[in-house]
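Below you'll find the structure, written out as structure tokens, and then a few comments.
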Amino acid sequence: MPGLEDLYREIILDHYRTPRNRGELESPPAIETRGHNPLCGDEITLYLLVDGEGDDAIVSDVKIGGQGCSISQSSASMMTQAVIGKPVSQAYALIRRFKTMMGIEGYDEQPGDADVAMGDLEALQGVVKFPVRIKCAVLGWNTLAEALDRAGV
Amino acid sequence: MAFDLDAVRKEFPILSRQIDGSPLVYLDSGNTSQKPRRVIDAMTDFLENSYAPINRSSYRLAGEATEAFEAGRRAVARLVNASSPDEIIFTKNATESMNLIARSWGGANLGEGDVVLLTHMEHHANIVPWQMLRDERGIEIRWVPLTADGQLDLTDLDRLLDGAKVFSFTAMSNVLGTIPPVAKLCAAAHDAGALAVVDACQYVPHNATDVQAWGADLVAFSSHKMCGPSGIGMLWGRLELLDAMPPFLGGGNMIDTVTLDGYTTAPVPAKFEAGTPPIVEAVGLRAAVEFLEDLDMSDIRQHEMDLTRYALDTLNGRFGDEITIYGPDDVAVRGGVLSFAFRDLHPHDVSQVLDERNVCVRAGHHCAKPLMQVLGVQSTTRASFYLYNGTDDVDALADALAGATDIFGF
Amino acid sequence: MAFDLDAVRKEFPILSRQIDGSPLVYLDSGNTSQKPRRVIDAMTDFLENSYAPINRSSYRLAGEATEAFEAGRRAVARLVNASSPDEIIFTKNATESMNLIARSWGGANLGEGDVVLLTHMEHHANIVPWQMLRDERGIEIRWVPLTADGQLDLTDLDRLLDGAKVFSFTAMSNVLGTIPPVAKLCAAAHDAGALAVVDACQYVPHNATDVQAWGADLVAFSSHKMCGPSGIGMLWGRLELLDAMPPFLGGGNMIDTVTLDGYTTAPVPAKFEAGTPPIVEAVGLRAAVEFLEDLDMSDIRQHEMDLTRYALDTLNGRFGDEITIYGPDDVAVRGGVLSFAFRDLHPHDVSQVLDERNVCVRAGHHCAKPLMQVLGVQSTTRASFYLYNGTDDVDALADALAGATDIFGF
Amino acid sequence: MPGLEDLYREIILDHYRTPRNRGELESPPAIETRGHNPLCGDEITLYLLVDGEGDDAIVSDVKIGGQGCSISQSSASMMTQAVIGKPVSQAYALIRRFKTMMGIEGYDEQPGDADVAMGDLEALQGVVKFPVRIKCAVLGWNTLAEALDRAGV
């Protein structure tokens, strides 16, 4: 069986212990979305600020509130680092790549997706070996997707 | 690969059982089917090695059990060509599926004077839930009548559908064997602005089913009639429709969140699966679906068409005026269900005499009392076939019927 | 005969399963229990030799199957001391039983402003059905609060019950293990003119149950938590009460007669058992009941009390302030369910670390979200015991918890 | 297994072919009750006339309508012969004895029951070996019991 070290990589534990971009943003102007995992009750509140319109739209800030396990917390923390300052289109591409990495079907890569760097997020690859934790890992990502959809730029 | 009856029979342990030295002639599959070895083994193996809660706990054993359960859902989705496994709801039986439809969709969409169209050949499961709704909120029920040979009389369909909000009908009568033109009826329902609900309990086990090609909205069927375990039924529905429907039973698993003040619901299929589901049953059902797929549903249907032709010819040939077999004679529009009246013998007595030779048939109203009234009888004797039946079973039935005379001396 | 743990364990095939070379430490029986050999064998044997429809057909095989099914009902009646097997209704799970109560009894007897009293430690199955009724017809829900150690705070019971029409409560909390004074609560309900409904899901598997001594009106429980199969639940009710209640699901078997104009209902239990019931499941359930009876429910309870005492002492002793175990400390009023918070680790992570050593616990809200809010937590880790658990399991749990620190390095 | 000859005794077939006391009675004065067997749909309509009151009450006439199988029809036919002209108390005693013969529990004999002759009804004893037919055999008897209860003498 896969060992716990495949799951709890050092960088994951680091993000868990010291989550980045935790907090709130005033809403509005920020978009506030909530996600939760009915299996375990984990809850996340995500605040999103987008600057600009259409192709120029940029994720200018993201903050994360709520409680969750090491995997959901660290995944959301790493996600904020990966998307802040990036074009909205790249944020969507990253969501697709991440979900594909998690083995979730229906997210075929689109042209340009490969150019989006996964960086530290690769550390979460081990989660795939623990299927019940996949929902934890994608919780923040689904919440971000919903916020971006609502931003509707 | 041609259909190999001997090989099929060997898969069913009970068919090698001898009662008083002679084999079982099981002609009651319209009621419930026997189970092949691999379905039994799949359940036993799961209970011995892998049983665990599903959806709730996060250790590996529980994750694996959840996966085994969901594999059952995917298998069912494949069998009826659902566009997503999320469109398959596990219930306890087809009857619960029908009640779910009437109460959830009907509860949200039907009021005083709204019309639900049924047919004269429905099973109680597709009658009583609507009658309960009628008693509760005054909906109107209309009925499609039958032709003399037991097919739907569609002459007045447009008028009957006029203003109807639901058309709910069986894809195959459990008494007459009649298979109506399902896709055409769904289209007619939609043209009239009505929901198309199909009771496919008798259809799915015996025919290749494509709910999308039917163009249906909601379809109910049962595991126990298709080589699968008892204790689990199915509802298929179009995803947007299921999404829009209010929940049916409340409790664990169907919620998104619960506070003292109220609850919100989970997405489908969980929304309609309150409480601990039939876990082991879903595992067995998957094995049943794979068994049917391996044999090929079209080959099964062909085998049963041939057998039904043989049965109609044999019984009519041997007994002539002494037997009245209800339903259409054309096996292209009928399944392997033969309800009949034999001389002036009561079905209970017929069944008793047949049982003496291990020929198992059902005697009674077959949960279709309104149809009995239409046929002008109180009950019938019914032989119903499945993939493990052959011409020898039909011959055994005919021989046993011939023997009935000796006893009653009419 | 003293309780022989080794002998009991040998009856459960899955407990001899090794995962990665070490045995399963199954501490999730509050979720669902494992199944003994004789339950598995009873179902397999029935499927291989005796499977047939019940209640509907009249050949011998069907008569015998009906008898086997009814023997399951009689066994359950005996286990909880029902005054007649007709008082036992088979449902799909305890959740359906609770929905049946809310919809049938509640539907007939509750309207705008009527009060239903619940407690803060209820499972969603005893909350959501009443909330659905509230949304539909404006009933009022009141709640019995908890004391600091997780028992019902009965100080204000009289006031809360004043004007109530239903008092529905769990006989044992699936999170806290708390066992309230059921008979006393039933009497209080009756004094106030309220119906006494008991969710005995967690109680019946672990304690000798006497519904008559309780003085309850309606009691719900589940097979899968008491060594029986999934796919079958139970409702016990006083016969006159069940007789007076309107039907719940409509379809075959629950009717007396059906015409185009309406239906009449069969006597209980059939009235509440629409469609093909869980046939094989009732056969397996009977074997489970006999297994429990052979061991003796009082001995099982004693074993679990001893084990719970050992677990409370071991975990508190080893981890002191690092662990918070919810619920009462007195094992006379608690069952073998231990929910806890461990250091500042999230339950999901605790469960993950335990799983590494094959220790299976549940992490989450345990379908009791309102209780989580009362406890001020989002989720807990829960170890729950059954007759096959021993002190070695508790030690394995404690050892695995101790190992958690190494990984997170807090 | 028990043979069909245990079930279909000659006297039973005779009552089936030539049922006694078939027909209707005007109601009122007759009491009309219906019974049916939901398993198979068998229906019986029973007409009862009682003469006298209290201990002197006599079953003065019974007629049977409806349809059913050989067992339910012949059992009802024999029943009419056994009760017509008998005191109501004896009719009740006969119902108890008959149900006890059918293996139905809860019908302990009462003092005097043994004096009530079963006569031809003994022929129905073979039904017990065919448990699913017991409901057929007792259908008429349950319907008679209901009629007697309603007569309430």
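Labels for the chains are A, B, C and D, by order of writing; each one numbers its residues from 1.
Keep in mind that, in the parts below, contacts are C-beta pairs under 8 Å (C-beta built on N, C-alpha and C of every residue); 3 or more make two chains touch, one makes a residue touch a chain.
Source: prediction; values computed, not measured.
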item	value
Neighbouring chains common to chain A and chain D, by label	B, C
Most distant chain from chain C, judged by the mean position of its C-alpha atoms	D
Separation of mean Cα positions, chain D and chain B [Å, integer]	38
Gap in Å, rounded to a whole number, between the CA centres of chain B and chain A	45
Touching two or more other chains - residue numbers and ranges from chain C	19, 56, 58-60, 62, 255, 257, 348, 352, 363-364, 369
Multi-chain contact residues (two or more partners), chain D	1, 39-40, 130, 133
Chain-level touch network, classified as line, ring, star, complete or other	other
Interchain contacts, given as pairs of chains that touch	A-B, A-C, B-C, B-D, C-D
Touch list for chain C against partner chain D, complex	55-56, 58-60, 62-63, 66-67, 255-257, 266, 270
Residues on chain C engaged by chain A in the complex (per definition of touch)	19-20, 346-349, 352-353, 356, 363-365, 369, 372, 378-379, 407-410
Residues of chain D that touch chain C when the two form their complex	1, 36, 38-40, 130-133
Chain C-touching residues of chain A, taken from the complex the two chains share	1, 3-4, 7-8, 13, 17, 39-43, 67-71, 130, 133, 136
Touching residues on chain B, where the partner in the complex is chain C	13-14, 17, 19, 24, 28, 31-32, 34-35, 39-40, 43-44, 47-53, 56-62, 91-96, 98-99, 102, 123-125, 127-129, 131-132, 135, 141, 143, 222, 224, 229-233, 247, 249-255, 257-260, 262-263, 274-281, 348, 351-352, 354-355, 359-364, 367, 369-370, 373
